[in-house]
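Below you'll find the structure I mean.
Note that the chains take the letters A, B, C, D, E and F in the order they are written out, and that residue 1 is the start of every chain.
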């Protein structure tokens, strides 16, 4: 099963981030590699997993090297979403020694972070098992990385909440006050936004859940509620709106939350608590390959 | 003590990252806030620590809101590097409700990540105590964030290794092979680079340490060596070069490594294993403040 | 009634378009104005409607002049969405003669096009009267102008369809074939997209309408259907999905289409057939004002 | 006859506008096409004229698809400036289904607008017949589109006035006052601008025509004058300057204006009153082509 | 006499060049100034001429410092075009010590280069005396500096040839061959370019001058001709076209060339042979001013 | 001997400068070349040295033409750093006539300036002979050209001082005062900057040299000192720091300065006093080649 299509990932914003990353690492020049006696000498690089991971970002890594040398060879028997064991060769790259040395750190930084998120997410997904609830991310992403962070979440097996403030309405307590109550907020916004956008309301108790339901919310978020209240809310809503639970979620209570019958469980930590996974690169010059 | 000067942080690259972050969150418009009945109504936001942290990024958070409304009020009794207790108000912002609602997530994402790094670093620094060894970061940073990630390391009390490939020479095993041995590598590069740049050599055993020393390396990195070998290397080098230890470092062995007499201990996890710290924002409209 | 809030319009993309427009008009310099004997001499400009219009773009016009001189005076008794009679002074600007002369054409080009769309739209809206159907635009916009074109539609009293390919799912015939039929398409996409996004299906006959309904489409588009088929489709759908009609719509049949009971009528010509309205600027130097 | 050379059209500014257009349509991703079961499946698209048009923008359309997939096939038996009948296949494109679906709207928006202008212009040109007067555009262009709008005018068979404020001097009434009269304005500016730039003066009556003539203007614009005054002005000028007529021009009086003997007739509506022409795209997957 | 208006100089392209210059000098940070104990301490800088110069670029220098600190004080009793003696204080700046130290080199680099050109040019202008011939530059400018280089030429008292390939037609020998002779080239291009653009032909002997004259060239360039041929050409042309002489021009033969009666003398060395003039900056902290 | 590797030169910043240069020369279009009867006709260009030079910038010239036509032929038997005699063909280019004509001036401007610097530098290097002192540049570069200007210095046979404020510490008199003396400055900065960066102190007399030495400076700059003082300083320092001499250096005293035993001699005029060297391009159409 190959659900992730790299080509769609290499959008304008991703290209720009790769350019930024290269610029910040190389600046006015790589003063070590620039002085290589024979920078055009061919070499071979192997990207290797040093722990068990879910891989994400292969196209980004490839693209990073291509920025230095358009016609490198980049071969991998994996694709984004695959499980890779410690010690496995993730990809092999043939290019000039200079390209390998100068692109290594930037390519790895992308790969380690994206795979770090995917691996983290897949742990949550495994914990959730075959519950019907959908695990989703939040807007707690690293500035500049929204598209990539959310891509890695999908690679890891979970789903995306809205991408930003433009593709979904989420009315929070401060909005509600500003609009003068839940009914007015829903009525007013429904009249303005595109008919393809759903409206979600954040609620903090059963009373608010009732108001949101009555106002015709498409999705109702139960924010930081106790598990019994969540159960009561699910009963009250009874399929008339999608139910999302948010706040205080960790791997430990994921299963229990799912069993309340909620549709969506959102977890910021899918992204923001992920570390780099351990991936390194081994370079061999053509010389030493003989 | 005020070692961190925010103004120098707001460089061109930082401005660009704030712009990127706003663009990716807002896109074609905040479809909730754009429909507020009275978006110009004044409000007050309070940024609050939900756990004990070392704060970093106050100027960035302020600047984010200013992008929407240049003359907001932003008051804080803290500055970057301060310890803040759970529940403390980090900063108060007076602005239009629209600005507060639309800027909240982006400003917090910067603040949570930067403080996350600073807080993580300060844990290592505390562990190191008053050892003479200097704790430094690496180039394992999130692409696009090099300057900010390394700023947060300084805020947390540690130091920076080179910023990129342009402001320091670090000759690794692959370089050495390409140059034809350590002596040739040092000789050749020394002849080319600016007289203000030092040359560091990565070594993996005592034999290589000896060669690096003889070649006149300014700094010698002991990569992934056992503690006894590190001790022997320090003896061998005997002050004739700066000694850096790298690899397999964690909080647990930090003190022991420092006691070997090395000058520099580099740890990628200072940055790449830091999570967001918990910071949130409470918004009150002028209305509800009465 | 003041439904349009200019400040939210001056987003990053709008700023960029103003910069582009100035660059393409001025290039290496305004070789007439650059040689004014006294370019700093103060002047006054009046922007005047030369026909009856719905005004749109006041903030953009103001911003264009501010790019040359940040502290100009710009006073208008109107706001976007107001009807303005031929001969009315739309706005008065006090600035240096140089700023007035150099900014005039670019500011007017924005104002004339945006008001052209708003005025065009308001003609359709008037024709529709108080029918319950919502008049919406399409993605047939001038490249680079998506956000502004769609803003002008709202100013003119109509509504927006999705902004782009990212904030709504519209499955067309080619997609359907690629997915292997309507049911599979809906099932597959529903599983992937955010729970805040609705799914619309384009249909060309009653058979497809039936399939879309069964597949659980949120919105069903009736594309280029005859009026009797539209009536039958509305009956068949019977409130179980939002109904949009598209194609062959003109002012002449707008009312009749609305009376079929459809919810949404989409018209590309709202934007792409709008001409500039006639607006000009009269400049008087301080000298001649005595 | 092949007077239009696409390659010169694909300048930096045009590339940038295509990028902008793609960015605004796709944003964080095409959420329909990104979920295609087999996005790499090959397809064929046919761009078809739905009315009789003068085509413009073929290279832009091609380039738009190439942004997604560099090696698409794009074949057309036409070139910019050709007349195309309703029903004709304008171009055939072979590419992945994903590229066809994701690029369709943006490519068509360029093609429909540019051909809309060219078609509009060609109507005026036909009306003018073989009169010696040259039909030219103005600076009333859509912001961001100056180069493309004026290109389409040439494709339609008319000519360009100056591109912007940098490549021609046009002294209007406000300039004249600021310089202290026509003679001083011409004298002062002539002394400053490059010897390759001509100076044009806007006049509103015969008296001003006389002054412009005496001041040595290269070109004299007769702005909003009655037809008899235009005739008198042409007599008065008598070949000593190029004569341009401007204002109140429409298709109806074009011929009559030309017969007065003026050299240049400028019409803003060539560009700003052009609608999209009707062009659509039919996509067939490789599957259905069997 | 104040012929140069700085404000028109600070166009978009100039702003961009200042940003580039700052970026390349400061990169990831000024590692000396960033560690000042009190970077906000106020200081005063004095920009001082170390030789006799014609000043150019005051607004650029000011703008450079403003990029770091918007509300600096910048006072000068001179303006662009003034002669300044060695030892004179060109401008005084009050700002934070950090701003003065970090902006100094970039501001001086602009000032030294622009004044270098202006000073160089003014030497040629003096040599030319009150001859009627106009001294102009060429397109031999430093890439990225076209607008600024040509501005400095005007400041120095000479004139500009065309700015680029877009605002004037200059048909060279290679063009002539491609068009099939001078008459065809002029005829063909005249038919296409705006009526505000003049056509210049490069000629290398009297035969070509005759052809250019007959073809109706507006300007005829005599390229690398001997002085007697230049005299003959002027006689032949006899006021029917503007005459430009180019090639082999130096200060030594400038007067003699002017006496041939040519209208225009173009000299690439005005720009490309100018060195930095000697200007330095003295900084005094508030402390030492007591 | 081939010490210069073009590929490392074509970094992001260089690409950007080429784009800027093309934009400023071509703007809205090359109005001569755009009207060529057959712009696709093939031609051949030869870049020719018109004086004896050291060549620099071959890759930049090639890249400039590639911006218009990716698959041009560009053949040279030289590489950067080679001495080329007057009359030699530097490179041959096969491309469309349009590409040759439109790219010529921009490509030559890069080549003439870079070779101008390299040639200028090589004159100083020859003068220095085989003295052990290293000749270096300064930060007096043309804004926007830092990387390229310093590249040309290396091509000419000299060395680079720091690239900017980010890759070396140079403490000048104003810094010293701000820090409260040389010892405090060194101590404070050493504690903050990366362990790969050296610290240089500017001194103006022997007293300051003594302080710098005691403070442990890595490099000591003798600024504008008399030759006897330089000799005394070299004696005093006695190998304990690198010694740089700066100020009042010209070709005439270069040798004498080197003989004092200093390690580094820095000369701003290497870059800022270099003129364009004389290089031109001859274009022959395929037609005339028969």
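By definition in this document, contacts are C-beta pairs under 8 Å (C-beta built on N, C-alpha and C of every residue); 3 or more make two chains touch, one makes a residue touch a chain.
Note that this is a predicted model, so its numbers are computed, not measured.
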Worksheet item: Which chains are shared contacts of subunit D and subunit E?
Response: A, B, C, F
Practice prompt. Have a look at B-F versus A-E and report the one with more C-beta pairs in contact.
Written response: B-F
Worksheet item: Which chain has its C-alpha centre farthest away from the C-alpha centre of subunit E?
Response: A
Practice prompt. Give, as an integer number of Å, the spacing between the C-alpha centres of subunit B and subunit A.
Written response: 22
Worksheet, complete the sentence: Cα centroid separation, subunit A vs subunit D, in Å, comes to 44
Item to complete: State, to the nearest whole Å, the distance from the C-alpha centre of subunit C to the C-alpha centre of subunit F.
Response: 52
Discussion item. Quick check on subunit E: which residues sit in contact with 2+ other chains?
Written reply: 13, 24, 26-30, 33-34, 146-147, 163-164, 166-170, 192, 194, 197
Worksheet item: Line, ring, star, complete or other: which one describes how these chains touch?
Response: complete
Worksheet item: For subunit E, which residues count as touching subunit A in their complex?
Response: 24, 27-28
Discussion item. Using the touch definition from the top, list the residues of subunit E that touch subunit B in their complex.
Written reply: 19, 22-23, 26-30, 33-34, 39-40, 98
Worksheet, complete the sentence: subunit C contacts subunit A in the complex at 134, 136, 154, 159-163, 166-170, 192, 194-198, 200, 218-219, 242, 244, 263-264
Fill in: Residues of subunit B defined as touching subunit A within the complex
13, 16-18, 20-21, 24-38, 41, 43, 97, 100-102, 105-106, 108-110, 112-113, 116, 139-147, 163-171, 174-175, 177-180, 188-189, 192-194, 197, 268-269, 272-273, 275-276, 283, 285, 287-288
Worksheet item: Of all residues in subunit B, which touch subunit E in the complex?
Response: 5, 7-8, 11-13, 146-147, 150, 163-164, 166-167
